[in-house]
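After this come two complexes, each holding subunit A, first together with subunit B and then together with subunit C.
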Partner chain A sequence: MTLYIVKCELKKIASLPMLWIFFSLCLILNVGIIEGYRYSNVDDSFISYVKETAAITGTELGGEFSERLAGLKDSEEKRRLYEETYEVKNIYEDLKAVDLGQAYISVYALPDRWAALMRNKYRCLQPMVDELARSNAGFSLYAAGETKNLHDLLFSILFRTVTGEACVLAALCMIFLYGYEYQNKTEAVIYASYTGRNIQHGKLAAGLLFGCLSYSLIAGITLLIYLGVFDYSWIWSSNVSSIFNYVEEITGIKPFLTWIPFPLWEYLLAMLGLGLVLTLIFGLIGAVIGRLCKNSYLGAVLFFLLALAMMTAPYFLAEKDLWSGYFISQFLPVCLWLSSSVWLTDMGIISLIPFHETIGLFGNVIIWGILTAVSSRHFSGKDVLL
Partner chain B sequence: MLLCMELKKIWKPKILFVIVLIGLLCGYLRLEFPLKYFPNGHPQKEQYQLMLEWTEKYGITMEEEERLAAEEPLPLLKEQARVLEERDAPIGEDDVRYQAETLEGALFAYDIRYQHYDVDLENCTFAQQKRLRTLYDEKKLDGLLPYEIMENAQQYWRWGAIFLVLNVLVLLAPVITRDTLTDMKRLQYTSRQGRNILRTQFGAMLLSAGGIVVLELLVLGWLYAGLGTWRFWKNPINSFFYGEVYWFDLNFGQYLLFILLIMVLYAGGTAGIAFFISCSSKNYISLVLKMIPVFFFVGMLADVSVEGLFSFSNSLNRLTGIAGIEVWCGILVFLVGMVLGGLAYRRLTRMRDFTEGI
Partner chain C sequence: MLSVEHVTKKYGSYLALENITLEFENGVYGLLAPNGAGKTTLLNMLTTLLLPTEGEILWEGTDIAALGKQYRNILGYLPQHFGYYRDNTPKQFLRYLAALKGMDGKTAAPRIQELLKLVALLDVADKKMKKFSGGMLQRVGIAQAMLNDPKLLILDEPTAGLDPRERVRFRNLIHSLSQNRIVILSTHIVSDIETIAGKIILLKNHELYCCKSPGELCNMLAGRVFEVPADRKLSKPYQLLGEHQTEAGTALRIVCETPPDGFSPVAPNLEDVFLYVYGDEGGK
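The block that comes next holds the complex of A and B.
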């Protein structure tokens, strides 16, 4: 019976023509982003050259790599690659993670209590730095000098856009489902039926399922298009902490330091998994709002207002020197979405603990899950005629 | 009477409350900076003060003889700066070193204002070269205007334009959809006035868009007036002190009025589009899914129109090479809005089964 309800609820969503138009617009936007960024930032010919060269030289930098590269036919691309890869140092050998933490403490003038936590986080990162130094992960070729551009496009811009689109869709569809009976004046019929108010469980399941589906479709199609434009077949095994990948912050440039070593394909899978969890959280937020607001329009506007408030919170709290509030606010779903480009890394000033995003995302699933359960329970007990 | 009722339906307290909240949050995120940090740091503060002082002394432009008079305090300032430098004195808030540097820089900019003719022409299109030649030949770069004032105004009002588009959409879009959902259309269409009510509703929406424009401009204008930039109202925007070149010989006040005109055009266009999407939506979520791309597209256009308005560096101008494209773009959005509104009206009034929607 519940499965039948879920199917019916999914049908309601699928019968929205605008949903599919919106879905198509999202894909058009994503293609526009890929092509726009490629046109203005990425050197295609150099990437092709690095790919061809990697087949001969291998993908690990070092003396052998340089020797083989030196033996290749002279060209502009070769000169560039040679300059970028000749006698590179293992930056992780001398890196003291605590120094990175100290830079944040100085620039943001963190109070002692928070400074100690920040230092502690970077102390926890030191074993990973040592591991990177030992494994020569920094010597991973990735896409050489174009690494930063490719990584930024895929993980900073595209991933954030895709998750943002899926999150909005998941929340709006949940609000749509919860407001559907009120909007179509079928409340009395539905609530007087055998299933009655239990229909909300079917709605929740259908909404979450739709969230997962929309995320999988948008992310899957966009990734396929992306991989059609940029050939990644030769760099999947590159480590994301390659010396060519870095993060630019107010404290300066720092390596892309993840909490565990990640080959590119594993990092992508982990990010996609976390993105799915984020979409589910937004689905749950939509469920809570949908339960509170009978009017779907007001619900949707409230959702965006809540998102805006979450976005504003860290700025406001940091400006008022309320550091405890600032660090807590970084666990808000919208803040987690905004920081998605540095997920699974040290995350700089944003976080005080390792795996901030993972803890934050699963914590949010629990919190919003509880709030959904509470609102459902409240709805089950209230007089629906009021 | 009917118009009043329609206006009452639009100006719902709940939606107004939401708009105020959005305004407060967006304002905090985007408008606070240009208001709070203007002039932003050194030597911008000194440059602003110097231009204000010169405007009061010499008027809106500076002549050669006035330049000589303006140079008089420079030796003394430089001497004071040298002494401070020798003493290794820490740089203070009103440091004379900034003043000396600013005055020297401003005089230098004045001296070379017509000397980099060939250098500028190299990177310009034919139309831009023509414009530059006119500016140089007709000596139109004598204006006094602080460096930061234009960027600040553009930064502030571009976000104002985006919020205006958002506010118009949030306020107006649900009106007709609400009528559809509450079966109000059956009552409206079978009344004596019949489907002509759509004309009243469209009128009410345009009036409300006007109302929200007036309200927002009053609030934003009042906040912006606090900066005191109105003291440069008559100063020409083509200034020797400001690196940007503009297509038209406007003064700062006229420039601000053009920004407001663009905002009005975008608000009107958005109102028309809001009427169209409201008529064509059978439920609120469809409506919101239409509002998002409309906001994205129209808001982005409003943004790129106001940012660098009428300057060579404006994105729309760089793309098309047409002087004043920003205003044309605003007019186009306005017309598109009106046409879409008209189409929705025509379609609904001619539809046999009015329960279908469009």
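The block that comes next holds the complex of A and C.
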């Protein structure tokens, strides 16, 4: 398989006008989300004040921080910041992770088998809680009282949207590429050539490469716009487990507990990396569907039906108290995407193991990789009905 | 060089071809049968697009399925419905197909130029194919089939949709390409092959009817083809081949085991054989 063939396959995708329309709509939507959320939820003037203050007080809460803050000129923003930061406690010092697990067990009435696994997960989390307590991660200023808003916008809304867009694009473009010869009636000429049915390897490579490119472009441009709107230069080193960052769930409010300590920039990079892996998984899903279904339009419908089934599976299974099915379904690619706002954290009721998303994503790469290989192999020894 | 040995093809319970055995040496072979007789199925098996249900196809003694790309490397194929990328120019499309045929850019470029000249498309080499006529597209099709200078050239209904002038030009082109290679040309139009095919394969009822030279085929009807006026009542049983206009009026062309009174047999042609063999099955 020559690079030239991969390049030609990429060209086929790029020649699709719908691609560029979809791409533009994604960017317009993302800008709309940023501006809409900023307008309705974010207090820009307070963030600017925290930024200016942090240059004087530093970004670690404590006595010294409060003293320096007290010495600053009075203002509405100062009073708010002072209230938010005065005599804050190290919440991780007294936190028993097992208690968090117990809350899920009680609220969801988990059967013993799953309750034991849930307790075990939170027992595994305790050393991390201790580490967060020891390193004073909770005292990280981040964006003070606006942290939750900023974090939610970037990771709960924008990241999920961007990843979703790239995943849909990766899957649909792969389906389109696999159905391209059927649409153009070029199957006979191509499959009877020297390369023959092995053209599918070129299509797979091009489709995955395109997935990476589209994800990088959408995520890159959206992030640039986001960072143009919100100045992050002063908070990159803040710990994402700051007391100002938290998760609201049916069991109550809990800290943003990651499995390893993450400065914001490292957390963002890790999330972007995992998002790329998820995009590749959707590319592989597209390859399997494209191989099974010659007609691209039918393939696209099949993809959305499959995604819908994956999306609703956990709700259906939980409703029926089928807990084993529920926990397994949380590893489905669409469910992993839906839970992306809490990736690299304890993930609450969604998960029974540490690093659920990482294991789930790499497991999916293997599973969908095998399915792609099996479908390709099947195609290699199958009649091409024209 | 190429042999088809007891090949049968079934689609589920539908029998498309049964027990076909053929041998091909260099030269032009015409595959003549009405639509639906299994021509395309046979060709699709020769091009590895379909796999035989039974039997095997051998290239120089080795199963083509086992040879895989090695076999496809010596194969040139123009399918019945030649698809193309509408927004490509012939040059771009041929360059892409050359890559699929394992040719590098340096080898492909002069070959593409040479073939475009051969099929008289050099002046439109950089024009998008969506504006091309059916004849021009077929010429692109023949150029792509010849890219790798194949030892086995398979053309499935190559003249379908062409006007008479283009059909003649195409026939001459095929003839010029037929040196030192096997050319298998499938058609249901007798005139496409009667002057250029060394052997003609007839399929009937999904089986091989015969594989003979045009002369041998015509000899099958020697002394049995007659032309009689349309208004003449014939007492002996006959098979009508067709009717045509003569200076004396409408004449019937018939096959008759015993000569009608007062008529001498005429020289049979390939079309007579086709009509005689396929009788009620349709076709031309």
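In this text, the second predicted complex is superposed on the first by the 384 of 386 C-alpha atoms of A that agree within 3 Å, B and C clash if a C-alpha of one lies under 4 Å from a C-alpha of the other, contacts with A are read in each partner's own complex, and residues count from 1 in each chain.
By our rule, a contact is a pair of C-beta atoms (placed from the backbone, for glycine too) under 8 Å apart; a residue touches a chain by one contact, two chains touch by 3 or more.
It should be emphasised that the depicted structure is a prediction, and the values quoted were computed from it without experimental measurement.
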First (subunit B), second (subunit C), both or neither touched by A:Gly196: second
Which of subunit B and subunit C A:Ala188 touches, first, second, both or neither: second
Subunit B versus subunit C as contact partner of A:Ile33, first or second or both or neither: neither
First, second, both or neither for A:Leu306, with subunit B first and subunit C second: neither
Subunit B residues within the subunit A interface of the complex: 14-15, 18, 21-22, 25-26, 28-29, 170, 174, 177-178, 181, 281, 283-290, 292-293
Complex contacts: residues of subunit A adjacent to subunit B: 16-19, 21-22, 25, 168, 172-173, 175-176, 179, 183, 295-298, 300-302, 304-305, 308-309, 311-312, 315-316
Of all residues in subunit C, those that touch subunit A in their complex: 44, 47-51, 68-69, 72-73, 75, 77-79, 81-87, 96-97, 99-102, 104-105, 141, 144, 148
Contact footprint of subunit C on subunit A as seen in their complex: 2, 4-5, 8, 12, 15, 181, 184-196, 198-199, 381, 383-386
